[in-house]
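Labels run A, B, C and D following the written order; every chain starts at residue 1.
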Amino acid sequence: MSGTGRIMWTVCAALLPGFAVLSYYYGTGYLWNLALTWPLAGAFDAAGAWARRRPVNFQDGSVAVTAMILALSLPPNVPWHVIAVASGGAILLARQLYGGLGHNIFNPAMVGYAIVLVSYPAALGAWPPLLDGQTGATALTEFRYRDGLTAAEAFRQNPAFGQFGGYGWEWANLAFAAGGLLLWRLRLIAWRVVAGFLVTLCLLALMFNDGGSSAGAGGPLLHLLSGGTLLAACFVITDPVTHPGARPGQWLFGALTAAVTFIIRAWGGYPDGIAFAVLLGNAATPLIDRIFRQPQARARNENPT
Amino acid sequence: MRTLLSLGGISLVCALLLAGVQALTEEAIDRNRTAHAWRTAFEVTGETFDTSNLKWRDEQVQLPNGTRLKRFATPGYAGDIHLLAAFSQSGQLLGVRAIRHQETPGLGDFIDSGKSPWMLRFSQSPPLAVDAITGATITSEAVKRGVQRMIEAEAE
Amino acid sequence: MAELALILLGALLINNFVLAQFLGLCPFMGVTKSFAPALAMSAATAFVLALTAIACHLVHHGLLVPLGLEWLRIIVFIVVIAGVVQFTELYLRAVSPLAHQRLGVYLPLITTNCAVLGVALLTVGEGRSLPGAVVFAVGAAAGFGLVLMMFSAIRERLLGADLPAALQGAPIALITAGIMSLGFLGFFGLG
Amino acid sequence: MNATTKSTFSRAAIERNPAWAQLLGLCPLLAVSNSLVNATGLALASGFVMLGSALTISALRAWIPQVVRLPCFVLVIATFTTLSVMLLEAYAFDLYLRVALFVQIIVSNCMILGRVEAFASRQPPLPAALDALGTAAGFALALLALGGVREALGQGSLFAGMEHLFGPTAAGWRIDLGGGRPLLIALLPPGAFIIAGLLLGLGNALRNRWAANSNSLKAETE
């Protein structure tokens, strides 16, 4: 098995704890997502490679990573046409059109996710309730619109918030963090990207935390442990082709992505801005590389670390 | 000299052309602009009326036939949703429309009366009894609460 | 102050001129094949944008409105823009021949850059104050430059990619611009 | 129609298609192509400005001094742009509201200035008019292709809202494509860029294949 293949399948394995936790809370919904994204993404990839007259390569595992991240980003049990559009956008548009593995400018999973997020906002906002009597919305959405309650009151009144970042979501995010730690121990991800992202997100949440008033944007723990924060931090922005190569560039990239995420979460029109933030960070990466004099050859490197 | 003359000549031709068409279309354009500014008001009251003597004061305006128009902003999911409501002389709510908003594209569309009949329900039932739109609970609740507050303010 | 900050952010990010409002696409596609011209074009456009926004604002409120000639705005603004471009060129030549050499080719192109006319028309149409107009123009120019530089760096990188033959050049550039624009869509509803 | 007039028209409309072959006028093309009615409105307005300016400049070409020709061209184009703005605002106000900014910036559409400078200022009115019509038709073709795809994908319909342009009888022109799951992104800015890029790529692929076929045919016959 090639170097890339070993890395990618390790990444898939590192996603499993998070997958298990989310399935514990939501039942088979995520399994359904995965059962559709995986074959669809594989089929799209094969079709794209065939049309470009390039060899089809399933062993390298990169399509599997994209399919898994996509399945975990979408709400559980999402309708099949949403999954089809998301997989098509991810694999055909963001991956095959750009020349396949290693040449993509944008993270494929996030391109697919952002396309369905703006195309089918209702389906993407429909989360099944975790607890009896709760509406189906994520903690970030609930918190954003708590109608005049202070942060402390909102947490006391609504058990969906859990302890810090959303009932169930706290554990899912911690499980993703565990997977990220594993990848870090194996030296498969650039830790500066993750650190830049998490530190900036915390700092911004602290700076704009007004003690939890009714208009505040929420404290660091809420932002770290809710929504897709740690999934994105450990598995999405660490995609080595789409983040800068030089060390200062990696810090800057992480900080930039976190800043956009926080701006959209605190003041924007979408509940979680991570997908958009990642796309903007990816778009800035070649410029950041230019500024920090990273050699152009990196994109063609076989071993993505 | 010749350069200046021809430049002047061309300018003159253009100016004459423009002035002519301007004179021809001025009236129609004026009429369209006024009608546009009052379009929502005409829609919500179901009639067109002479707008030349009307002035908004404290976000309210009284029409010649006694109907009162009220503007009100309610915090939606993304920024304020600006509403326009019409009340009859006896304080009865005649109808509500959204003037402008920044709700998520696709998700918040239903508050535009041109795209969905949802806003029309407020003239038939009490605002808090109107069903929320699935998937866009926040926007619907914001509008419902906004209408409720306008009715409460009207009752005082 | 907060209002001005909002205008700046709005022009820079939320309604980014190139990616959300579709203005200035000719230079966006035309001069971004490599980084250096993109940088030069950004600088030249930013300078002209700020000057024309002020000039058009003054002409509109000082001349056209009192005379009741608002319907002549398109002609008057395009003349003002051509004048500002000409003035910039003369000034640059006198003050810094080096800068003139670098930016000279791009200056005439700015006259037909619809972003410049767009800024003037939008400022006047939304009835901004003079400080508001200046801040709006600065935000638009910064947003234009930022996007131009990001885009040219991406296009340089795409040269090394194994692209399908039919997509090389303009098609993949448009698709890339689309995905960037998708990212900017996240700012929708801010403020 | 004789051969030269036909070739003047078709060369301007197809071979030198302003939008596809030369990437001119992209701003209004992408901005106003979210539905067929908007696309038609802008195509008509651009065609009006293109034709009016070309005819005027061609008729006045003997009196336009070489040194000030560009300011003169811009003046004429700006005049016709203002005229089209006035006419739209007076007689198609709903459409005007949706495309206002982009009708006003027709004046800085380099497609028009370019054709006027390269062709109309050197030719008598008849060929100038044909070239202008061809250019306008080519631009309209691009606008309608993009507008049709975006409306079909994003709204699941074709020809919706034509009554804003052609009066109440046109309300019945609407075709519903069904499906019921419109892809909203096609109507938003990212969709405009991506679909334009894909259509352009498709055009390139077809042209490449056609060129390859005719080459191999030639090789076989030789």
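As a convention for this text, a contact is a pair of C-beta atoms (placed from the backbone, for glycine too) under 8 Å apart; a residue touches a chain by one contact, two chains touch by 3 or more.
Treat the numbers as computed from the prediction; the structure is a model and nothing was measured.
Novice: If you average the CA coordinates per chain, which chain's centre is most distant from that of chain B?
Specialist: Here the answer is chain A, farthest from chain B.
Novice: Looking only at C-beta pairs in contact, point me to the busier pair out of A-B and C-D.
Specialist: C-D is joined by more C-beta pairs in contact.
Novice: Could you tell me the distance, in whole angstrom, between the mean C-alpha positions of chain A and chain B?
Specialist: Here the centre of chain B sits 40 Å away from the centre of chain A.
Novice: So how far apart, in whole Å, are chain C and chain D when each is placed at the average of its C-alpha atoms?
Specialist: 23
Novice: Just curious, how far off is chain C from chain A if you go by their C-alpha centres, in Å?
Specialist: 33
Novice: Find every residue in chain A that makes contact with two or more other chains and list them.
Specialist: Touching at least two other chains: 93, 115, 118-121, 268-270.
Novice: Mark out which residues of chain C touch at least two other chains, giving numbers and ranges.
Specialist: 71-72, 75, 164, 167, 172, 175, 179, 182, 184-185, 188-191
Novice: Give the residues of chain B that touch two or more other chains, as numbers and ranges in rising order.
Specialist: Residue numbers touching two or more other chains: 14, 18, 22, 77-79, 102-106.
Novice: Quick check: in the complex, which residue numbers of chain A touch chain D?
Specialist: 81, 85, 93, 115, 118-121
Novice: Quick check on the complex: what are the chain A residues that touch chain C?
Specialist: 51-52, 54, 93-94, 97-100, 103, 105-106, 111, 114-115, 118, 260, 263-264, 267-270, 273, 275-277, 279-280, 282-284, 286-287, 289-290, 296, 299-300
Novice: Name, in rising order, each residue of chain D that touches chain A in their complex.
Specialist: Residues in contact with chain A: 181, 183-185, 188, 190, 194.
Novice: Touching residues of chain B toward chain A in the complex: what are they?
Specialist: Chain B residues touching chain A: 77-79, 102-107, 134-138, 141-142.
Novice: For chain C, which residues count as touching chain A in their complex?
Specialist: 35, 149-151, 153-154, 156-158, 160-164, 167, 172, 175-176, 179-180, 182-191
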